[in-house]
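Two complexes come next, and they have one chain in common, subunit A, joined by subunit B in the first and subunit C in the second.
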Partner chain A sequence: MPEWNELRARLNHDLVKNRLIPGTTRMIRIVSGSVLADPLETFDSTIATVWTETSPSLQLLFDTCESALSPRKYFLVEPLVHCPPSTMEWLPDIIHELWLERHDIPGWCSTGKLLVEELDTAVPNARNLLELNNGISQTVDLVEIFLDLQKRTTNLSIHLSLIERKSLL
Partner chain B sequence: MSNKNKILIIDSTTNRREELCKLWSVDLGYDVVFSAGVDLFNFHDDTEVTLSDLINSPPIACLLHQNDKRRYDDPERRKLLDSCRRVVVFGGAGISGRGDWPDQWFWIPRAISGKASANYRQWKQLADWFSSESPLPADKIDLLSRLNEPRFLIAIHILCQGFVVGDRLRERLPTAVEQTHNRKWWCVPLVESVGDSLINTVQNEWGPDMPESLAILVKWISGETGYENIDLPRIVPAVKQEIENRLSK
Partner chain C sequence: MLPHLLILDDLFGRVVSGGQNVDRQNLCANFLWYDATGDDEAKAATQKILKPTANAVFFRAQTPVAAKVGDVVENDLQGALEVIRRGWVSESDFERSAHPRWAMVLLDLCFYTGHVTEESNRRTPGMPEGRPLDERSDTYFGLTLLDAIHKNCPELPVFILSSKPRHEVSLEFSRRGALGFIARDDLAAPELMEKALWHHGLLADTKGEFVGNSLPLLLALREARRAGGHRENVLIKGERGTGKELMAHYLHQVASSERERPFVSVNSAVFTPNLFASELFGIQPRTATGVEGKIGLIAAANGGDLFLDEIADMSPEVQASVLRVLQERNLTPVGGRQPISVDVRFLSATNVEIEDAGVGFRADLLDRLRTGGTISLPRLRDRRSDIPLLAEQFVRQAEAQRPGSHERQITKDAMALLLDYEWPGNIRELRSVIIDAINRHADVEFLVPAHLRIGNGNRVTTVVEKEEKPASSTTPALVSDNGDEALNRFLQLENSVTFDQSGAVNWAGRLDELQLSHAKLLARYLQAALAATRRITPDNLSGRVQIHPAIKLITGDSSISASKAADLVKRLLAPIESELEGDLREAYQIAIRLRPKKPK
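Presenting the complex of A and B:
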């Protein structure tokens, strides 16, 4: 359980909050003309490579959430490991069901996967548009694209924060 | 002679011992000496090591399974373990509290089933802690601070949920009502782990201002005189709510 939460917190803090979101801010400044830098080079180093690294880990995070966080695991360790077999027959399953329902774990996972899928599409799309606009004066469209990308990464970060351990009992 | 740090792993369960030896030798770069109970061997080449040689050149640490703790009763082995800088006791089903071992020993209070019981970072942190000349306090080491998780509060919360659900799902779980209203049902998991000290354990996990409802329930579970007849259907939902509030802080 702690390992999963550690991975979630690390992905959110180190990659999404500290690299992707600031990366989109920098791109907005570049495509709006307030900062002078190579847009494609900056995009590749601040967003594309980071997302390539983050996306599979996030997929794994959402895929393993249910098994990693389920309170059913408490029956494998002290003190609930001592529950008699007659209790083990029903209580772990019921506790798991209650937990899924109470916190809408499947909903949280599917929303998370959707956010990742959308970014999987949005990141290469943004790159394609940058390539098309290379050398041409910057357009409002590009600013919109990066504002949208910033909104999506921010939403992903908020979503990852929703499942803090304290709310999982 | 090797410059690597040396560790002694004492565990009579073959699979788990081999996993741990491999982890400490291959992944963490230690010179591993292991024992399944009596004889001592170098892990890297399976050659035997004499007890006296090892005492003369003692390991910096020893991982000792709780079921093999009796090896410490032998005076020669006691000399060997006492010569290690740090001894950490670990258990297959988890250790709930400090056992009757020397005060300077540490323990990993939750299930350690083998290499996969913890992630690499946590094992590495423990390995660095063993070899450090100016180590962090033990409560800063993840594997040793597992004690800090409020496991008994979580367990009581889960048992309370079982009680409430059992009452609600009489048709689906016909035996649950009978089971959960029985003191044995609560007592077995909780008292089995800590015996007479359940109230102190729960109090420690809660901290100051433990609510009366929780204290009453725990005293009933512990079989304390004067708490034989309590109003479970009233107290259990209240305890459940109190624990939820406490753990979500």
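Presenting the complex of A and C:
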């Protein structure tokens, strides 16, 4: 769990909060005309490459969440490891099921995966639109596209932070 | 002028190489900051902020600033303090500082230290792995920096700019004196930053009404902006000539940015016991008696601000009446029966210690006149670093009132004189001195010490020993801070010299000596003129020798040509060419360059 949580915190802090969200904000500034820069080049360096790195790591994070965080693991260490075998047959599974139910871990994972999948589509779409505009940067469509991207990355960050509270409950 | 921000942050302050610090560019784009750091990252930036809101200077506060794989990154408290001090020198040292004053410091909390590994460098170029204590909220290096700033520069406004959750750290940063917290990942962060800067930052008056960047002035302006955020009454204190009415206007403007509100100004000394009621409260019109109505000053300021200047001059009757209005928020015009409610903010000003019992001002009224705080305007002698800017402004204003007038410069010596004086009459007195100098010397291009009548002209001319060459010269030199008087004395001395016959024999054969002495005298005159007309530029504060203006000054002939001026310099200095030093040598070389032919 410490490794999983560390990975989650690092992905959220280093890549989503520090890179993707500021990157989308910068793109909004560029396409709305308050900052002069090459939109496509900036997009590639601030969002596309970062997302290529982040997406598979996030997928892995959501895939491994249940096994990494489950309280079942407490039965593998002191003192619960001394529970009689008859108890071990049912208690860890029950505890696990109750935990899943109480914190809606599957729901958290599936929502997270969905957010990642949506960004997997939205990021290349934004790039395509930028290419289509080919230098004509100050268009309303593009501003809306990047506002949407900003909203999605912010939602992802908020979602990644939610598990901190869940695991503490 | 854009405010200067200092951002102490390991992520944004690091130098990667060739503009790879994408994080810094992202931040600058987000907040619309111009990267004024001047390092390799700033130079390699691939974007241009079209309308920047601030100049941002980034510093990592760690060594090495440009860390690579294998390096060990450590926090650098002393380095950070050194950078802070660049833009935070004392008022007396500020003239010598080439760096603008920090409007605010933005401080990160968590600074990662330790080895830069392949993995950490891959994740974020130039960043180390981090150590356990780096991330503990009670041992954040940002808090150590905050303590050090608070101890060394208590007036310097500091805000926290972090991606950490506010609730985790608010107690730690608040009790250490930070003014607030901005979450970097908050989408509203740029707007919050703008508000924080307006409310807490040390900003010059962008409208140019208040000229200067000295700390005492910036602190007063900040108080005014803070007071402008509400409709409470404000007391303005300051010596005569410090700009109390200007401050009242500033307060009014910062409060009225969204909609127009009336501003009414009145000197309290004009209220006589018989007339104050009709002036302040107005007169109710009466058709039957033919009495014409009159709107009082308070009603005229309804919805806006009433500026009462020199409130210490209010008679007890007026004080009692104003107190009633403040208590009841309404007034009854003279001859009227129905009170009318008013919403007026009172801005009052005084140049006396009005709290002193001897002044006779009601304490209960005073309390109500400063519910929104007191703004103390600094004396000019407490903000000397603003004198060059103010003097320059007054010169330009005077020139603007004289169509076709040529541009004047204040010489270094004259400026030194302005900087040295105590200015009991503050800015008003400075303005008078400049305007007077220009009025009396309409056709000069340089204001020299002799033009400035400072302190009612009661300045002292002194005769002191010349100290430059004690071994070879024992002749007293006339050194004066009042050129007119020095010249008069010199002329008097020269005119009084007679060569009686009894002594004439002793002078025989000493014509060469006399000529040399005369040449030296003229050279000293030229030296003084060269010093007075030095051209001071931002990159050369000691000034550059100019022979043309110096000769214009000596001869009083503003139409003299440059080549003729060069000829004169050659002619004056040729007899003592071998003894020339400093400015005189430079002037002679300039003259030779311009007019290479031998003087006749």
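One rule holds in what follows: the second predicted complex is superposed on the first by the 163 of 169 C-alpha atoms of A that agree within 3 Å, B and C clash if a C-alpha of one lies under 4 Å from a C-alpha of the other, contacts with A are read in each partner's own complex, and residues count from 1 in each chain.
Operating definition for what follows: contacts are C-beta pairs under 8 Å (C-beta built on N, C-alpha and C of every residue); 3 or more make two chains touch, one makes a residue touch a chain.
Predicted, not measured: the structure shown is a model, and the values here were computed from it.
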Overlaying the two complexes on subunit A, which is it for subunit B and subunit C: clash or fit? fit
Where does A:154 make contact in the superposed view: on subunit B (first), on subunit C (second), on both, or on neither? second
Once chain A of both complexes is superposed, is A:29 in touch with subunit B (first), subunit C (second), both, or neither? second
Once chain A of both complexes is superposed, is A:13 in touch with subunit B (first), subunit C (second), both, or neither? second
Given the superposition on chain A, what is the angle at the CA centre of subunit A with arms to the CA centres of subunit B and subunit C, as a multiple of 10 degrees? 100
First (subunit B), second (subunit C), both or neither: which does A:104 touch? neither
Please work out whether A:46 is in contact with subunit B alone, subunit C alone, both, or neither, and reply first, second, both or neither. second
Between subunit B (first) and subunit C (second), which, if any, makes contact with A:90: first, second, both or neither? first
Let me test your reading of the model: by the given contact rule, A:79 touches which partner, first (subunit B), second (subunit C), both or neither? first
Given the touch rule stated above, what does A:3 touch, subunit B (first), subunit C (second), both, or neither? first
Determine the nearest approach in Å between the Cα atoms of subunit B and those of subunit C after overlaying the two structures. 6
Under the contact definition given at the top, report the residues of subunit A touching subunit B in one complex and subunit C in the other. none
With touch defined as at the start, can you tell me which subunit C residues reach subunit A in the complex? 11, 22-23, 25-27, 29-30, 32, 46-51, 123-124, 163, 184-185, 187
Residues on subunit A engaged by subunit C in the complex (per definition of touch): 10, 13-14, 17-19, 21-23, 25-26, 29-30, 33-38, 41-42, 45-46, 150, 154, 157
Would you pull the subunit A residues touching subunit B in the complex into a rising list? 2-3, 6, 71, 74, 76-84, 86-87, 90-91, 94-95, 98, 166-167, 169
Show me the residue ranges of subunit B that touch subunit A in the complex, using the header's touch definition. 93-96, 109-111, 119, 142, 151-152, 154-155, 157-159, 161-162, 165, 169, 173, 175-176, 179, 185, 188-190, 192-194, 243-244, 247-249
